[in-house]
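Structures incoming, each one as structure tokens.
Each of the next two complexes has chain A plus one other chain: chain B in the first, chain C in the second.
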Partner chain A sequence: MHDILRRAEPLTSPVPASPRGFGRLTLDVRQNLPPWKQAVFVGSSLILGLAISVAILALAGIPPLTLASELAGVLTAENLRGVLIQAAPLILVGLGASVAFRIGFWNLGIEGQMIFGGIFAAAISIYDIGPPATRLILMGMAAALGGALWVLLVVFLKLRFRVNEIIATLLLNYVAMYFLFHLLYGAWQDAKTAFPQSTPFRPFERLTDIGYGVNSGLLIAIAGVLAAGWLIHLSRIGFYTRFISANPRMAKVVGVPVQTATIWIIAISGACSGLAGFVNVASQEGRLTQSYANGYVFSGVLIAFLSRNDPIVVAIVAFLIAVLFITGQTLQVFYQIPFTMVQMIEAIIVMAVASSEFLIRHRIRWIR
Partner chain B sequence: MIDFLVNWLANTPVTAAPYALAALGLIIAERSGVLNLTAEGLMLVGALAGAGTCLALGGYPALALVAAMVAASAVSLLFAVLVVVLRINQVIAGLSVVFFCQGFTGLVGTLAKWQNKQLTGLPPLKIWPLSEIPGIGRILFQQDPIVYLTILIFFAVNFLLFRTMLGLRIRSVGENPGAADAAGVSVTLHRIFAIVAGSSLIGLAGGYISVVSVKLWVTGMTGGRGWIAVALVVFARWAPWPALAGALLFGCIEALIPQIAAAGIRVPQYLMLMTPYLATIAVMIWVGTKDSGITQEPGALGQPHVREERR
Partner chain C sequence: MNSALQLAGIRKSFDGALALDGASFESRSGEVHALLGENGAGKSSLMNVAAGLYAPDAGSISINGAPISLSGPASARSHGIGMVHQHFKLVRPFTVAENVLLANPQPHFASGLRDIRDAIKKQVDALKFSIDPDRRIDSMTVAEQQQAEIVKVLVGGARILILDEPTAVLTDAEAVGLLEIVQRLARSGTAVVLVTHKLQDVKRYADVVTIMRGGRTVATLDPRQSTAEELTELTVGQTSALPERTPHQGGETRLNVGALTYTRADGRTMLNNTSFFVRAGEIYGIAGVSGNGQAELAEALIGAIEPSLGEIWVDGAGDIGHAGQARRREAAIAAIPADRYAYALAGSLPIQDNLAVAQIRSGRYGSVFRLDRAAMRRDAIAAVKDYDVQGVRSVKQKASLLSGGNAQKLVIAREFSLEPEVVVAHSPSRGLDARACAAVHQRLIAARERGAAIVLISEDLDEILSLSDRIGVMTRGAIVAEFERPADRQAIGRAMVDHA
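Now for the complex of A and B:
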């Protein structure tokens, strides 16, 4: 007994000196890091990520000063309108992604769901369904339904056949894209133009400005934020979601309707993306085009990741990403920088912030 | 009808080779316990590097393919550091790398003006006298060198993974990193090696698409083939030879699309283009319905290993 007590080792075992004399890296697990230190880590890695992005753009021929002046130009009053229009679909895809991530479902089919949202909304316009007064509401509901149905296909495959949702949602994006092309180069092509786009929506089918340069699409997005906040934090299904993501087996045992709650949450996620597609076609484009869903999958992932799946923070992050989108469009028009650059910067930011999480939980030391 | 069949089957190895190489590269990495979603991005890097080398040197397709392998391996080091050293969630890291590569290759390809420039390609290697057999000669013995090389690579990787000490260590790190670590096998080094070595094959797959098969660089030209390769790994249950069989199946499907158009059969073009993706989902459903008896799925797939956090 005494022997054992005497030989009890300290909690961190002494590290033997390195035979080569170089020393070596060791990891310690940190127990609790105060919030302000965590914020410093996340903040500095975010700055590092942005610095890398700026450096790559500088190599691509955009000096940092030009970039700064373009950014300042985006934030002036007349361009802010464009940012707010762009923020609406980004908020909605951010909500869609974060709702699904909360239940551990990798919804990477945001573009496909946006495409089907747009197609369902355009179908209401093209087949002239319902009176003009309620047309926009009907289009919005159809879009939400379209997005939800497209993701529910994957939910069915996952629950029934255990198909991995990451691969299924990503592949269905391509299927949705080709279906859109099939319509735009075929039955739905505007006879008046040679371009692959549908006939323009009528004025009462478009999301217009409601004053102060704010588009009504933003109202839909803000309503979405409030609804998602209620859903996640206050509603019964939100409580189930927390329970299921914490411990699915326990949730099942105590009688939480795991399957029903999962299906509902993911359907809501798809509906958000579908609405984003509707907002894009009804406010920015005014018709179905080939590319209204391009670049939204990773934007959704990024916004959900940075906001830690919290609806209010989603709105803030989405606004910043909207600034990035509009800057990207400006650089595309004036400096011939391809728009995929936006995706690259988003990826760098995610990598940087994700890396900071490791430094928050571990201390790396060099021991001689 | 015979002509149609011969044309179709003769084009199948060219469409199947990228799937086979990419899936094999993924299998090496996943056998070490790293869930690797980066194929789509690394194939783009390989395709761009191959096309760029060809355009810059004015030919030398073999050198271009080597450049594709080196470039993809270099980018995969980034992924390796993220998931093996920094232990980021492997799905998030994989997706970030894919979208980073999509953006980066788009940027470089456009700025360097490599878009839509014709490349020379590799001439087919006729294995005389077998290449003169009617029908079969064209299908099997008049392919480009990389098709034959792919089969050799499969033998080599199979030998490496299942007949060498290095392969055993890679697999042990993927099955049970804690036990491997305790036995003195470095989890970090073996995982990094598996990722980088596998990614060179993924880069070769991408370079093959741009340099040999399409003979062009177009932004985003892999068009989801990397994701299909990821699905192929699940279909093959992490074993090399079934992956080759699956790659041939998808090669058949992809090669059929232009043949049908060339034969003058009228089908909606864009609905035809969906078939590889729908076929992939169909295969995944088939895997799901089958009773999973023997699977070689690595036990620690997707789990980061931190020695200091073991319990």
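Now for the complex of A and C:
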């Protein structure tokens, strides 16, 4: 029975830590760990990551106490509004990344998909398609379509020519970005201001206010979470995704429609990112700008990773990342720390949680 | 003769599951000592303790009578214990010499490599092996890779050589060759431990046999003084026999493979006009020396690869060689592949999911929108009971936690739940113990009685002979001869080598 175990998990032969003297560390593979223990491991790693981040900020000249009061400052109405507005696109890109990661498709083209989501939505506005009453819905659908089409290009390349999707999605971000610039400096440039932006959307083309200055983008994100939760946990295609990621060759032989399921899942992933682009252009900006997708690849991957690709957890993590963003903005303004510091904190937290994964899979013992 | 390796009262548990329960074992220089037992009896675990891979929870290890403690594989090596694992530990893009060097580090790379090559040549000559130190592992056959493993261990100065199921991957002739070499090696003073579950090998080549059952060593005796029945009874607890055969009724053709050709990406033609047919209620055995296209034939039949030319015609579904998955499933082909974890199971997923996956599409477990997990669970519990799958604490546990035989039962449970018209079984009992093997054979015979057409591809000639109604011999990607039951073993053996 243990032969099988070793075959299934190749990295598990015990590693001697010190050859002689003090005994040695051994690694055993854990077969099962109760969920609460897993939560303890992840939680303590997260706390460790945060502690390191606080230490680094302290070195950068921000005393921990000030930091605490700044974090508490998020709870003001103004900041909370910012967090909720920021959470919507983060949730959507988190869903986009996690859905794709579930079948082992490394979608790093979230920004490109957001850009095309924004472009497709803006096209509906610019070419004045459909009656005003349904204009927003049409824009949303167009955005989802735009994001899906942009990633399906890569799916085609992967399935047909075995092109590596990591490289393809990542590099297509630049293609999308320059196509956006091409539009903004050309055909779609706002004639009035001569800035590289599109003409502002009409009022009925903007996401409506649902109270406290928070727009309906948040509702789209929440609907996305529920839909993705259903897709992954309850639907047939969600069941298939588990086999496709665990053993694609076996999945094919036992009759899982690997290709069809892959296409659907990745299209959904792209659609989520496209919707995130739509939420960004149709809310705060109210027009197509150059930078509404900047930095979302990393955030999406981070959220997917921290949430272990579970849609419900995605919502919670995205909210926390939004808090980090808004706090970061404040720190930037008041303490002149660069925004890269916020990204560094994100990276530290990723590494901390990644290391907890190892502890969940292995038990380390000290043998004399 | 003095005791070379002594293990006493070894206990080892993995996450609460007891794998070794006070096992004791003693091997002497100059002897081939067989370690016999069913799958999951603890043979490999015990030897992994000796090789320093597992730290025992309790018990003692002695070399030449002196107690030692092992801190890892390197420390076992320094005590002269070398193990050749069932799954080779070789770096595939490296040459033999580089692999040996990697396991036996030398102070200077260039001169070290030279010394190592000389040492390899000496061992190769002494053992009458055929490998070249400068060949890359990935260009070698399995038998040659095994030779490389043995040389690697011996160059490291091993006086105690542990071979874990060495003949499982070899053909009959290769196995005989290896075991004779192993015997010679023992005569020259090495202590050889042969982990196996093949009775014939034990009877023919071992000087002493220790039998393991349920993590304990139950007996140590002289295999020449005991009968096969006695040994079987000690290993399994009870002997099981194949059921009687009713003669074949001669139904209609269910499966027709016509001029099947498959050329690999590297240009090698693995299937070359393979043609045969199988009737309802018939077991068609395909015998042959391994590597003659059997693996590719099985993969084409179960839909893992697409043939370059030719047809796979199934009654009621037409040619499915190039068909999509929906049509393949209509053809109701059950697939029992040789490599379970490559084509039949997702080890990291629950038993219940592995059982349900083949029937998700039929709607048995809920609609596209809502899965019926309660039904999955109910069916899984029933299947585990019906097919006597052992070691299942919960149907939600990972499939990879099952031992080989029980994993195979799981595959069969799933595939036979589809009431298949055609069954493709490739080495269905490879790596299984006698009881699991008998259970698998009974299932195949039951499917035959029900009227299924069964293709049995196996390198184990005994398995082919005892089960098949007709036998085709496969050589270089084609069926070169056919035999009716009862077939003459000698004639089949000749056909296997004549055309090679």
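In this text, the second predicted complex is superposed on the first by the 317 of 368 C-alpha atoms of A that agree within 3 Å, B and C clash if a C-alpha of one lies under 4 Å from a C-alpha of the other, contacts with A are read in each partner's own complex, and residues count from 1 in each chain.
What we mean here is this: a contact is a pair of C-beta atoms (placed from the backbone, for glycine too) under 8 Å apart; a residue touches a chain by one contact, two chains touch by 3 or more.
Just so you know, these numbers come straight off a predicted model, no measurement behind them.
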> Counting only touches as set out at the top, which of chain B and chain C does A:341 meet: first, second, both, neither?
Replying inline: first
> For A:204, is the partner it touches chain B (first), chain C (second), both, or none of the two (neither)?
Replying inline: neither
>> With both complexes superposed on chain A, which partner does A:243 reach: first (chain B), second (chain C), both or neither?
In response: second
> Who does A:179 touch here: chain B (first), chain C (second), both, or neither?
Replying inline: first
>> Just checking: does A:254 make contact with chain B only, chain C only, both, or neither of them? Give me first, second, both or neither.
In response: second
> In the superposed arrangement, which partner chain does A:161 touch: chain B (first), chain C (second), both, or neither?
Replying inline: first
>> Just checking: does A:28 make contact with chain B only, chain C only, both, or neither of them? Give me first, second, both or neither.
In response: both
> In the superposed view, which residues of chain A touch chain B and also chain C?
Replying inline: 26, 28-29
> Considering the complex alone, what residue numbers of chain A touch chain B?
Replying inline: 26-29, 56, 60-61, 106, 108, 157, 160-164, 166-168, 170-172, 174-175, 178-179, 181-182, 185-186, 298, 301, 305, 336-338, 340-348, 350-351, 354-355, 357-358, 362
> Across the complex, what residues on chain C touch chain A?
Replying inline: 14-15, 17, 19, 40, 44-45, 48, 53-55, 71-75, 86-87, 302-304, 325-326, 328-329, 335, 337, 341-349, 353, 357-358, 360-361, 366-371, 391, 397-398, 400-404, 407, 414
> Can you list the residues on chain A that touch chain C in the complex?
Replying inline: 1-5, 7-9, 13-16, 19-20, 24, 26, 28-32, 234-240, 242-243, 246-247, 249-257, 367
>> With touch defined as at the start, can you tell me which chain B residues reach chain A in the complex?
In response: 37, 78, 82, 86-89, 91-93, 95-97, 99-100, 102-104, 106-107, 110-111, 219-220, 223-224, 227-228, 230-231, 234, 268-271, 273-274, 277-278, 280-281, 284-285, 288-289, 306-309
